[in-house]
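Let me begin by handing over the structure; questions about it come next.
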Amino acid sequence: MARYGAQFGPDITFMGVDACDWADAGSYSDADVVILGAPFDGGTSHRPGTRFGPQYIRQTDYNPPDGSRPSLAMRVDALRDLRVYDAGDVEMFSGDAERSVRDLQTAVHAVASTGAIPLILGGDHTVAWPDAAGVAQHVGAGRVSMIHFDAHADTGDVEHGSLVGHGQPMRRLIESGAVRGDRFLQIGLRGYWPPPEILSWMARQRMRSYEMTEIGARGLDECLTEASGIAMDECDGVFLSVDIDVCDPGHAPGTGTPEPGGLTARQLLDSVRRIAYELPVLGVDVVEVSPPYDHAEITSYLANRVVLEALTGIARRRKDARDGTTWDPRQPLLDGR
Amino acid sequence: MARYGAQFGPDITFMGVDACDWADAGSYSDADVVILGAPFDGGTSHRPGTRFGPQYIRQTDYNPPDGSRPSLAMRVDALRDLRVYDAGDVEMFSGDAERSVRDLQTAVHAVASTGAIPLILGGDHTVAWPDAAGVAQHVGAGRVSMIHFDAHADTGDVEHGSLVGHGQPMRRLIESGAVRGDRFLQIGLRGYWPPPEILSWMARQRMRSYEMTEIGARGLDECLTEASGIAMDECDGVFLSVDIDVCDPGHAPGTGTPEPGGLTARQLLDSVRRIAYELPVLGVDVVEVSPPYDHAEITSYLANRVVLEALTGIARRRKDARDGTTWDPRQPLLDGR
Amino acid sequence: MARYGAQFGPDITFMGVDACDWADAGSYSDADVVILGAPFDGGTSHRPGTRFGPQYIRQTDYNPPDGSRPSLAMRVDALRDLRVYDAGDVEMFSGDAERSVRDLQTAVHAVASTGAIPLILGGDHTVAWPDAAGVAQHVGAGRVSMIHFDAHADTGDVEHGSLVGHGQPMRRLIESGAVRGDRFLQIGLRGYWPPPEILSWMARQRMRSYEMTEIGARGLDECLTEASGIAMDECDGVFLSVDIDVCDPGHAPGTGTPEPGGLTARQLLDSVRRIAYELPVLGVDVVEVSPPYDHAEITSYLANRVVLEALTGIARRRKDARDGTTWDPRQPLLDGR
Amino acid sequence: MARYGAQFGPDITFMGVDACDWADAGSYSDADVVILGAPFDGGTSHRPGTRFGPQYIRQTDYNPPDGSRPSLAMRVDALRDLRVYDAGDVEMFSGDAERSVRDLQTAVHAVASTGAIPLILGGDHTVAWPDAAGVAQHVGAGRVSMIHFDAHADTGDVEHGSLVGHGQPMRRLIESGAVRGDRFLQIGLRGYWPPPEILSWMARQRMRSYEMTEIGARGLDECLTEASGIAMDECDGVFLSVDIDVCDPGHAPGTGTPEPGGLTARQLLDSVRRIAYELPVLGVDVVEVSPPYDHAEITSYLANRVVLEALTGIARRRKDARDGTTWDPRQPLLDGR
Amino acid sequence: MARYGAQFGPDITFMGVDACDWADAGSYSDADVVILGAPFDGGTSHRPGTRFGPQYIRQTDYNPPDGSRPSLAMRVDALRDLRVYDAGDVEMFSGDAERSVRDLQTAVHAVASTGAIPLILGGDHTVAWPDAAGVAQHVGAGRVSMIHFDAHADTGDVEHGSLVGHGQPMRRLIESGAVRGDRFLQIGLRGYWPPPEILSWMARQRMRSYEMTEIGARGLDECLTEASGIAMDECDGVFLSVDIDVCDPGHAPGTGTPEPGGLTARQLLDSVRRIAYELPVLGVDVVEVSPPYDHAEITSYLANRVVLEALTGIARRRKDARDGTTWDPRQPLLDGR
Amino acid sequence: MARYGAQFGPDITFMGVDACDWADAGSYSDADVVILGAPFDGGTSHRPGTRFGPQYIRQTDYNPPDGSRPSLAMRVDALRDLRVYDAGDVEMFSGDAERSVRDLQTAVHAVASTGAIPLILGGDHTVAWPDAAGVAQHVGAGRVSMIHFDAHADTGDVEHGSLVGHGQPMRRLIESGAVRGDRFLQIGLRGYWPPPEILSWMARQRMRSYEMTEIGARGLDECLTEASGIAMDECDGVFLSVDIDVCDPGHAPGTGTPEPGGLTARQLLDSVRRIAYELPVLGVDVVEVSPPYDHAEITSYLANRVVLEALTGIARRRKDARDGTTWDPRQPLLDGR
């Protein structure tokens, strides 16, 4: 099967990494990470536009697309130290959510089956269902935990007559057994949704959701430490799902359902890096970037950096495992250079 | 069945006309025109956002929403001289195009069955299929001709694996027999789509498509006169479908697939008014207004005025029929006031 | 007297709560809170646009306008647990500031007289004069203290030849005796206004103003605790006036006189919630939201949430008083659901 | 009396012409034209922002502010061939429309009294009342006719409880006798305002209003010729009032009450130039430019050019009178250079 | 020498045509047209941003980048009927205008030497000097005439101490003898630049410049016919240089020095197509597209279509020469399909 | 030599301070600070637009340009307590970086030679080379240390074939000996540039660069204290160079190379104020403000305040030295007024 390329715009790869075809495992046999675009916004309940997320996240940077991004902070070059491929987009017709999620799961599972980490660029959060399910299909139901950054719980049931949508993926994942409810960690929730009956369902699943008030009172670091502990209990690794709206709209205006009072960009980048460094990551998605609502591409920039920080954490984790070293966030930039 | 109201935002009506419930014919038994919102953008091939079209077209004005719009040019007040209701939106989940068009057609047909003119606010152009089909379902297959303002022919076949989408409604209408190919008039086409094989299909259907080059060479008025003649041959009336991208992007930037070189806003308003005045209109839709890509709401303003000019033409046509008068575009504004 | 409705756009209510007519007390006899729109920007010294504040604050949300907003953090649904009405706008002609403030005060006083809490959606900050004066007219001069979030002191005297304007309401309130100078708490001031002579006047009134430098050095929580203590000394309750420009322009660009270096959105929401929870609130206004200068509606979203957090705090305060419970910000979201 | 300068921003002059003080006739004793800024938007019924019109119209250009603008088309340099001064702004508090118009009229009259042509930069259209009245105060009631480019008639009576506002100046001018109703020429009207009763009032005043439909049917040139004839019958000269919304929103998005279907920028510039060349102009205003709603400053650019074309027409008219020459629009640019 | 690719963003080609390396003639030996990007804005006198022109003109479309663009109007597919390559960008450091234009001319000349038509995507208009000079270097000094669409004459001498800049290329071309002054045709000039002394210089060169007033008075078609006649007198072909600001800012806001009163997009597209069809084109450039000042990419869309219309005209011209056919603009779209 | 004034727009001064001519020392003989505009963006590697930085930084405020800015926090009025002049812009042609930096250095040196502090408004960061070199030229090579707020190290070598550009000034300063590498303090670095070989070069120079991770781990205050200590070791004073992109893009979107995860506006303002208060400042620049990418002017507002806080710190430092007082950030605003 031929590489589909890009559903919108030219066939480019994330920051210039090598292209591959997800359906041809031979085209990425040495991959550590395979990027997939999920240009789908048919599941959003409000502002659309995330179909252009993959194109913008791949392309938005002032540095050249040269397949190299040496991290100042972690002293690895994720795009070189890891073997990262970009498989292009999965064709996803926004007018057919059911078929789209089915096709995406096939692709994610194909990638995961090779042992590579699938990293999906959304699209709206609908895609988290096939993303994490595709990983679980490979590692086994309930063997992957979820760390989920978001302003919203995304645990709705039927909405607009459909089981598929950007407010429901987390429920589908738990109901299907792909991810255990008691290994489901949510960071950054706030606002006025979901209503009590859905919260009750969540409580019954024994999910652990950190609302911003608790995060403010206890500190983000402490919450992350606690969440990491839960995530690794009886699981092989984590799926990291980052909804860009976990950040405050001031830092991420280009999104569909902005909820004031969120994390700063700095907090999100630090958190993503830390999780990817400390825990074995089995899959990642970065979703809900809506370029038509963005300004000066700041939300696309942020999402691009979320991807890079996840990759950087993974790369440094592997390097430290290999070299027996440890990362020290307090080390001055130029020490030992 | 209860009125659904608005899928996005508060339950308002077009410029303050009375509300009704399309499923309850008694709620609009005296209607001349019933407005329906079709907040769907799951069928668009490029920029989404038209789901917010109904909300913006209903609301965008500097005049108050008082259910009155006396036309300076035509000396009728369409919202008062006609009995216009707004039935709110049909719920359309953008992630399920097939169900959405089915549900919309049900609503349009229900309205048409009462003898009222359905006027649909899109949404992307996918909705033209259920819009005109719903009318044909009432007046009989092939009894309604189509006058279609657009930069694009919208006669594609399968796209992204689907028969439903904003590039294909006109093919579906002809294939289904709802509208005769040789009573299908297209105004304003231009650019580089569709490819020759689709043009051949169109030619075989004996469609009549006025590309901008012909319009420029012959004059818009002459083309409209010719088109009107064809439209009324063996048909009971016309369905008027206005894709806002028939206008140049300078006049209508807020749309999904802008094609430079289109009509001016003035030309479109004059054309819509003229058709609605000269021909018996059986249905109308105004589509492809994408507020996230708009600036200073100028595209929403234009679409609002397209609706008003269509209603104004209908109102004046009925008045003239009643009073035996004729409209004179050269008459000074204040003459005979 | 008939409800005026909306000065701009359709007659909608805040998030779908019930409508009432402020001039007809019977229409809201069971009200806990009555919302009033004050669509006035004739008093602004720089960028206008706040006249559209009421329309945007009422309407901007991705959740449906269903009259329900269950707070994740506080476990109350302010729009249901309280009886909240929206009285529509007071007609305010921006070209006549004096008449406008007089008419607004009449409406605020009418609401306050029924025992309901008036919550006013500005409009520029000019409206704080009639807002707090209308409350004081009911509870008695000097019986209501003021907690005022703002980048600016708004204690100017005559400007552009007028005593009325958005830089002067706080002076008017103190001079008139409506609010005691020594019960006037200001949070978030910064920048280069007002000049020393006005600061001297403020000092003579024994106002207590927390500039951002002091807040940074001492911590916002400590400042709020101190301010709350002052506010409740010999007063029956507080008027909470929130100028959205207390937040940094990054979080609230859509305002008339943005001053860099402000609070984060998170800080403002937490502070508003806390005050509404801890102190007896007698009136609220949320002002200076200028939609033409906003991007992706993030400032309107923030203001909408400021209103909701104020209501949520009030609702939880009443619930705790009723049930003998206490709110714990550290409680995990799903505990006890 | 000292020059007030600019109400907003630095004290600059239109394209760098010399500054003067309107209250000190000696500071512009040799003036042909004196520019006045009227930074007032308290009278607008919808979107504000025109208070920044004077600042933007004065400043928006890519050519340097060097007090020179040689017209390619008319072969005069209006800023040099005429003696043009800029008197800065009249202080106008938007919250006090009555005082503001009174103060503006004083300034306009002062300028007109010296024999100079006052050219006012709005501001919303409220200012046309004091603008033309100030001229009539000098030349005599009924001695100045009005040529008024606008989408709207601006002949409303009381609105929002006020006689002063941007929808009413033309009524005030006629009622006060400053301008004769039968010497009132309106070009470019369209849409759905005013209602029939106001149109009747207009007809009774024997105004002559060219709606866009008549302009389209007869041609703009023919309408202008006819209008010019009426304007000069028993009058000494014309006041030229240009509301930028006479242009289509595609050409002038930055305005308060955009009405689709207007003139092109080219048509407006040609018309203004022609009137200023063919008729004795006694005063000019250019109004309703709202920078917050503009994009890439295209509306400010257009308004700047409207001012320049008016000045250019005046300059060429005087030159031809002096030299006995005639302007030929068909002459190639480089002929005779 | 290796292909440089793109100076900004990923290495893509215009609408997906094949890539080549201008320095390796073998990589495009069968080329009819070779596209070159000139991402330079160091020569602009006002708003920069045109460095992103090549990236946006290549990429902006809703049709896929599939190397095919069948023209509805002309019934050729320029990207398939011609052999079109895209050589990527010439590296141009905006901070070094002299080196940049030298390097660009080398590339243009290299392409022209192979017999292919160079088509350059600007960049600011500075690039017209190396563009046309590179062609003249191949066909001989004075053997290529210039048809120049622009609001500005671009015939300045020294500006900001430099001979190189976007206001001066036409002077350099004439002074150097590359293009004859009396074979220099300018369409669309307007406004207030250049001053009389430069116009005198232009007149002495016997340039022929059509200002918008002459175009309005005589008609664009007649002017183009006259210009075409001059262009082909004693010359081998034409260089077509299109500054997007020849269009009105309403149609092309995304540019550096917008001048109100320009052509419509429709007029420009028709003119470019006509010239490319009627005359032997030896080179083309499309310049002054500044994406940061654009809205909804409408200016990039327009520039993309200008390129396509030029290619389409060339393709149809060659086809007609081959087949002995003639293009009829009045032919209905579906006739003979 | 005559004052050049403004390269773009009218000749205004920063907030209305007095004008001077840098080439005429007599015009500012009593100056404490002289402001220079450096309207140059020819050195930027990505988004341009900073040429308009000086114009916007000078002009953007809601307070009047009255030459007075009394700081609430520091109780000095920097524009009055210091003698501040604005020398206008140095003419800098963006297409000739080498000449431009040479000319700027001449101006900066001229100012520094008089003993006044030069404060330069960029422009892109290219200007830091001539800015600090011009100061060092006066105080002696190596006698001025550098405190550099930036997301980027700006220590590149040759880029695009040039030694001059916005990514390289810091290298040029160290290589030339103007500033000692071991007295070069960088605050706020982050992201993926520069690559290891440049970091090695930096380490060899013994630069001290605080990446955001270290700042997050240790706290900004501690890092600043440490940096200040280094800066004053064997140096006479500091040059303070503030690249606005040190702030997070949410706070400063209007810049050329935004890097997510930066400082808040509050942090930057506090830091600048503190450094200017605690250390002897010999020169300042504020760079990389790109108005075309800004929204609602929030980045220009921030840069304006950075300038004011630097001036305010300087003024208070001098006052305290004079009066023997000390600034207490915890002092309530109204204490002792």
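Going in written order, the chains are labelled A, B, C, D, E and F, and every chain counts its residues from 1.
As a working rule, a contact is a pair of C-beta atoms (placed from the backbone, for glycine too) under 8 Å apart; a residue touches a chain by one contact, two chains touch by 3 or more.
A quick map from chain label to UniProt name: A, B, C, D, E, F = Agmatinase.
This is a predicted model, so every value here is computed, not measured.
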| item | value |
| --- | --- |
| Chain labels contacting subunit C and also subunit F | A, D |
| Centroid comparison with subunit B (C-alpha atoms), farthest chain | F |
| Remotest chain, subunit C as reference, centres from CA atoms | E |
| Computed distance of Cα centres, subunit E from subunit D, in Å | 38 |
| Length of the line joining the C-alpha centres of subunit C and subunit E, rounded to whole Å | 57 |
| Contacts with 2+ other chains: residues of subunit B | 46-47, 248, 250-251, 264, 293, 295 |
| Pairs of chains in contact (touch as defined earlier), listed by label | A-B, A-C, A-E, A-F, B-C, B-D, B-E, C-D, C-F, D-E, D-F, E-F |
| Residues on subunit B engaged by subunit D in the complex (per definition of touch) | 62-63, 68-73, 248, 250-252, 264-266, 269-270, 295-298, 301-302, 305, 308, 329-337 |
| Residue numbers on subunit B that touch subunit A, as the complex places them | 8, 41-44, 46-49, 51-52, 91, 93-100, 126, 160-162, 164-165, 292-293 |
| Of subunit C, residues touching subunit B in the complex | 9-13, 16, 58-59, 65 |
| Contacting residues of subunit A [partner subunit C, same complex] | 45-47, 189-193, 195-196, 199-200, 202-203, 207-214, 216-218, 248-251, 253-254, 256-262, 264, 293-295 |
